[in-house]
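What follows is a group of structures, each given as structure tokens.
Each of the two complexes below includes subunit A, the first together with subunit B, the second together with subunit C.
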Partner chain A sequence: MTTKTITSPSIPVAAPGVFRGSTALGIGIAGIAVWLLGALLNPAAAASAWLISICFWTALSLGMIFFIMLHHMFDAGWSTIVRRICEHWLAVFPWLAVLFVPLLVLSILEPGVVWKWMAVDKLIPGTEIAVGDDLLYQKKSPYLNVPFFLVRLVLYFGAWVAFAHFLRKFSFAQDNDGNPAHTLANRKLSAAGLFVVGFTATFASFDWIMSLEYHWFSTIFGVWFFSSAMRAAFAALAIICLLLVRSGHLEGIFSTKHLHDLASLMFAFTVFWAYISFSQYFLIWNANIPEVTFWYNVREEGFWWPISLFLIFGHFLLPFLFLLFYTNKIRASRMIFISVWILLVQLLDMVYNILPTRKLADGSVHPFTITLWDGAAIVGIGAICVWAFARSLETARLIPIRDPRINESLRHHE
Partner chain B sequence: MASSHYGIIAAFDEPGPLMKAAEQVRDAGYRHWDVITPFPVHGMDGAMGLKRSKVPRITFIGGAIGLATGMALAAYMNWIDYPLIVGGKPFFSPIYAFPVAYELTILLAAFGTIGGMFIFNRLPMLYHPVLKHDHIHRASDDRFYLVIEAADPLYEPAKTRALLDKIGGREIADLED
Partner chain C sequence: MASLSENPSPSAAALLREVAPAKLDRPVLVENDRSFSWITNKICGIIEERTPLWWWVAFCVSGFVASFCLIGLTYLVATGTGVWGLNNPANWGWAIVNFVFWIGIGHAGTLISAILCLLRQKWRTSINRAAEAMTIFAVVCAGIFPLFHVGRVWFAWWLFPIPNSNAIWPNFKSALLWDVFAVSTYGTVSALFWYVGLIPDLATVRDRAKTKLRQVCYGIFALGWRGSNRHWRNYEMAYLLLAGLSTPLVLSVHTIVSFDFAVSLIPGWHTTIFPPYFVAGAIFSGFGMVLTLMLPLRAIYRLEDLITQYHIDCMCKICLATGSMVGYAYAMEFFIAWYGANPFESFAFVNRAFGPFAWAYWIMIACNVICPQFFWFKACRRNLVLVFILSILINVGMWFERFVIAVTSLSRDFMPTSWGYYSPTVVDIFTYVGTFGVFAVLFLLFLRFLPLMAMAEIKAVTPRADPHHHGH
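And then the complex of A and B:
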């Protein structure tokens, strides 16, 4: 069974021209160039723009790696062809690691511009107290200090790059030799990887996003990050697969059954995101302790209040009702719409979590703004990711033709 | 007791031929008919031309009732019947009522699903005319059956029997109600 090769000529070998690598690279470099201009003109705005963007794209990519690992852990059949698309996407991790460096450079040039706790001698906005004299910082300083932050950063990206590399390596090797041992190797890798990536993603969200407001703490924050990662990954996956169907590369391979299952997962994680976000809010609301309630209080000021409400209705209720209906889940155009919607609101959720922590000099909350630098950072990093993905498509097949479960996936039925 | 004619039953040895036969019965335009198999045959819904189940609608109604009940329960008890300030919170807020409402949503949605499944499957059904067929026990073992009911508008004993014969049915027999 495993040594039998499917030799249908309709199965694409590689390199679909849908995702134009060189164009994406050009857009990516242009976006980064515009952002660099922003870094010179307004380092603080550029810093939060880059952080929002890197968190958004890293979350999306982590969602892909989680999905591959879940596929292996459950020994799933239907998702075999979709898994390969994720594996191609995993090529972005080394580039994400490189693209994290600008935040470190900014932090060296102007300490505290990204994470306030990195500049212990600077005053906390709106107060006369330096960060280093702040008792809450002092108590957290064994964790929140620059050397340990850098060590963790290296561990995070080291783990993600390594797991991405080996998951891809074994899967791609199977295309050539059809050896089921590769599947078993990936299963073992996934068993360890779910723990490692689960922990690293959790702590990355603590380090990069939660520590922006180091007075605040929420143990569920990592789960929020995970739910965001999964939602973004499924939305991106649906868009990529539908584009490849439209271009003919996955036509007759990625069926409405696969789309329906992806949509069902999107639905499940829509509810999961709402559950986690609500739980965080509910516990803080119920306990009513000023130590933590302030995080939501600042998000009820000015235009942040309508955004808070929009996240409830736009990030939960609309996708929830939309994805309830079977006909919406199997129509390509409708799934493209809701996937793009989820990705955009996901981005807004990231802005909602990151931007208000950038206090103004008098200590008041930063208003909701969208600047050119935000757009440049989002497009820049995103285009580099698409470029890495497109490059990977040229190196390996579009579906794992010798995976032991490929037949099951091709004949997937509801 | 005079027994009326229920329909015609035909046997098949394999799920593949049954699937093809079902497609032909579907294309012939029959509406009141069914297949009986020892296990779920993937793709049979499409071969039989069945529409999607209506159970999710009952699920949704159950969920909506659950949500409304939970909210109303919390609102009535803490806001109207016995207003009491707990932990400095308002008498009613959808936030504190949400866990209760959420759990009731899940519970009644589940009840709706099970109830809807029973209703649309017409369960419990303690008797069915095919049980009178001599070899029907093999439908839970190694035999596949296709039954066309006399209630079907297209049903004509001779023509229907000929159709079943043409599509590969064997041991064709009449069923009594």
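And then the complex of A and C:
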């Protein structure tokens, strides 16, 4: 990053005690080391743990990039200081790309361990048919094949890393020269970016999550992924901003008004997630066509049934009711609570989407489990993201001091 | 840290001292620094002046066109629904297409009044009143089609959950019944929202009235508005609550409309993206119609200072965004129709694009996906003739979208023996064209009798309303 040169040393831009980069790096490496142990002992469990984790953190980061782009599209004022936090977070994308590699390595060492369509000569669990002889796979093989999957993967991360890089570059450069042209450049970038990131995120969700059960399909799946991404991003943003207030770095800058607006957006996307999830469930349930209902049927077996219900009440109803109240939206401790809650249940939603596709040898659905490897993968990738974020905090200021709308954001009274 | 401190910490204060914003002015929403009285005179002038000749001409033409609808419906009631071109298997034809078309148009009004209000998009103030009026009139036009499709229109009240003498209840499992609730709720809340917003302006018209009759008439509907602090407080709270309540309605109505199709097993209809896809399409068509209506009005009444180029830019960009969302949905439908590897589903989509109704499909793609892409360019957004033409094409495209969905899937269903071609009858065409007359008559009456723009709200977003105006 060329942005390092613009930092004035007299300004403490890093946030010691909150996002201590070295600690995060240590935790990240430890998490990954534990997970590697899991990959040796139980590759299948480790593979799904890593996939859940990478999907969770990528979704969260994509939510941040969407938020920045929407900010520019609306020429928003209030969110200017929050946008900079997102820009710092975008530093995670190259690392996420690197952290995707273990899934590819596992897939090479043991084909089909992550995406079973990658092993065409293996039997479909519970049947006598090899994947390659499955008519549905044959029909889909022009899309679901390893070379094309890799090409798409490179395109996705290439697009995200590029947009993240330029959004950060222009915004950080403005701190230095105060040139409004940077804002206009980011606006143009955002308009194009919404298209590119919208399509790449959709197909990433098809490739990584939907194709796990390659018989199944849903046209709304990309929108579901988008809604999850936005929720996770708002929850993470609220937590980060409040921690930076606690450490004093954003004290008196990030106000209850900003918190209230973030909370309102969390509320909006809570409803949006419920709307999209309901649409998918309801239309599949109501039409009752076996070619798609089986996806939900397996999620009604065993402990997956209470999980399904918990998602309705825990991922929709509780945040919905909680965020209806103004007082909950302006109190830091309450917002920390609901943000952590939303992130945890969001993680559970990822587990709900990913884990049941891992069939047992007899073809029955994989039970709901939480293993050490799940925890290691989540903490490992998450800590690397926090480390990348903390490193970015040291390269540019905490608020975009020369953004044309910065004063609107600082004097946000509405 | 139960609540957040207002006082910056030393490090935050150091950061704040560095703040030096670059200069990038926000566009003004009322140009030429117009005063409050100028705005009042301009808007009230429209309904206080002598009725212009063009209005009478337009009114007579619209009334004549509206009579087509009346005649078509009379003929239908007298003869039976067979006069529409419906057949088996195309049991749904223009009737559902026109219903969805008109309901969709209404969505821009609710989006502008509710969602843009919650998003604090101040540019909405110049266009919200007319867009809300458009919403209500579009709902009226939409309602005609399902109402008369029941055939014996005098039994239409059976749609409501009232047990009749035979103890027959409506089928609560039917998406068409949900439509009844969704659309009637939507119509009611939209009308309420529109009316609440009108109250302060009705009082202004009352206070300027030169005749007793006028004063009494507007006075009744102004509900004794005096513009006191308490009135404004209650008004603003009511407006905010209605905005909150209307926001889910923007989504719910067209979601239910999409369910009319998506809950079925028909290939091309049963797909999970239908709800958000229909909502995006509805907002798209609604903004197309807002542009179609506002551009001529802006020219006729010389409203360039109130509906600025910035407003037109914003509307064009919303068309671009929602049109592209519709394009995204088309892409998802097509991709998953292939990826799903269901031969019926893939047939439905190949049939759409290359079958007997391919002409309709490509009109739809050209108008809905390609047309709005012109709005990427500032030069196109500034060419108002082009914007006007594109806004009409958007609605042509959106009508064809519903036609493609309804007709292609039905006319070639699972049984090739019953395949056929669907054509509307003269009655279909006349009734549909007639609804444009109904819409125009209602809109012209609105122009004559109610303030076209929310004066009170526009004043609040003028540069003069800013306490820092003139650099204070």
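Rule of thumb we're sticking to: the second predicted complex is superposed on the first by the 397 of 414 C-alpha atoms of A that agree within 3 Å, B and C clash if a C-alpha of one lies under 4 Å from a C-alpha of the other, contacts with A are read in each partner's own complex, and residues count from 1 in each chain.
Just so we're on the same page, contacts are C-beta pairs under 8 Å (C-beta built on N, C-alpha and C of every residue); 3 or more make two chains touch, one makes a residue touch a chain.
These numbers were taken from a predicted model, which means no experiment stands behind them.
Colleague: Going by the contact rule set out at the top, does A:L60 touch subunit B (first), subunit C (second), both, or neither?
Modeller: Neither partner.
Colleague: Among the partners subunit B and subunit C, which is in contact with a greater number of residues of subunit A?
Modeller: C
Colleague: For A:M266 in the superposed arrangement: first (subunit B), second (subunit C), both or neither?
Modeller: neither
Colleague: Counting only touches as set out at the top, which of subunit B and subunit C does A:V365 meet: first, second, both, neither?
Modeller: A:V365 contacts neither subunit B nor subunit C.
Colleague: Go through the superposed model and pick first if A:T256 touches only subunit B, second if only subunit C, both, or neither.
Modeller: Only subunit C; A:T256 stays clear of subunit B.
Colleague: May I ask you to decide whether A:N286 touches subunit B, subunit C, both, or neither, giving the answer as first, second, both or neither?
Modeller: So A:N286 meets both subunit B and subunit C here.
Colleague: Looking at A:Y326, would you say it contacts subunit B, subunit C, both, or neither? Reply first, second, both or neither.
Modeller: The first partner, subunit B, only.
Colleague: Both subunit B and subunit C contact which residues of subunit A?
Modeller: 286, 414
Colleague: Which positions of subunit A touch subunit C when the two form their complex?
Modeller: Contact set of subunit A toward subunit C: 10-12, 73-75, 135-136, 139-140, 143, 174, 178-180, 182-184, 191, 195, 198-199, 202, 206, 217-223, 242, 245-246, 248-256, 259, 264, 271, 275-276, 279-280, 283-284, 286-287, 289, 291, 330-333, 397-399, 401-407, 410, 414.
Colleague: Could you list, by residue number, the parts of subunit A that touch subunit B in their complex?
Modeller: Interface residues on the subunit A side: 278, 281-282, 285-286, 288, 324, 326, 413-414.
Colleague: State the interface residues of subunit C toward subunit A in the complex, per the touch definition above.
Modeller: Counting only subunit C, the residues touching subunit A are 1-16, 18-24, 26, 118-121, 248, 251, 255, 259, 262-265, 270-276, 317, 321, 324, 328-329, 331-333, 336, 339-342, 376.
Colleague: Could you pull out which subunit B residues touch subunit A in their complex?
Modeller: Within the complex, subunit B contacts subunit A at residues 42-43, 45, 52, 56, 60, 87-89, 95-96, 98-99.
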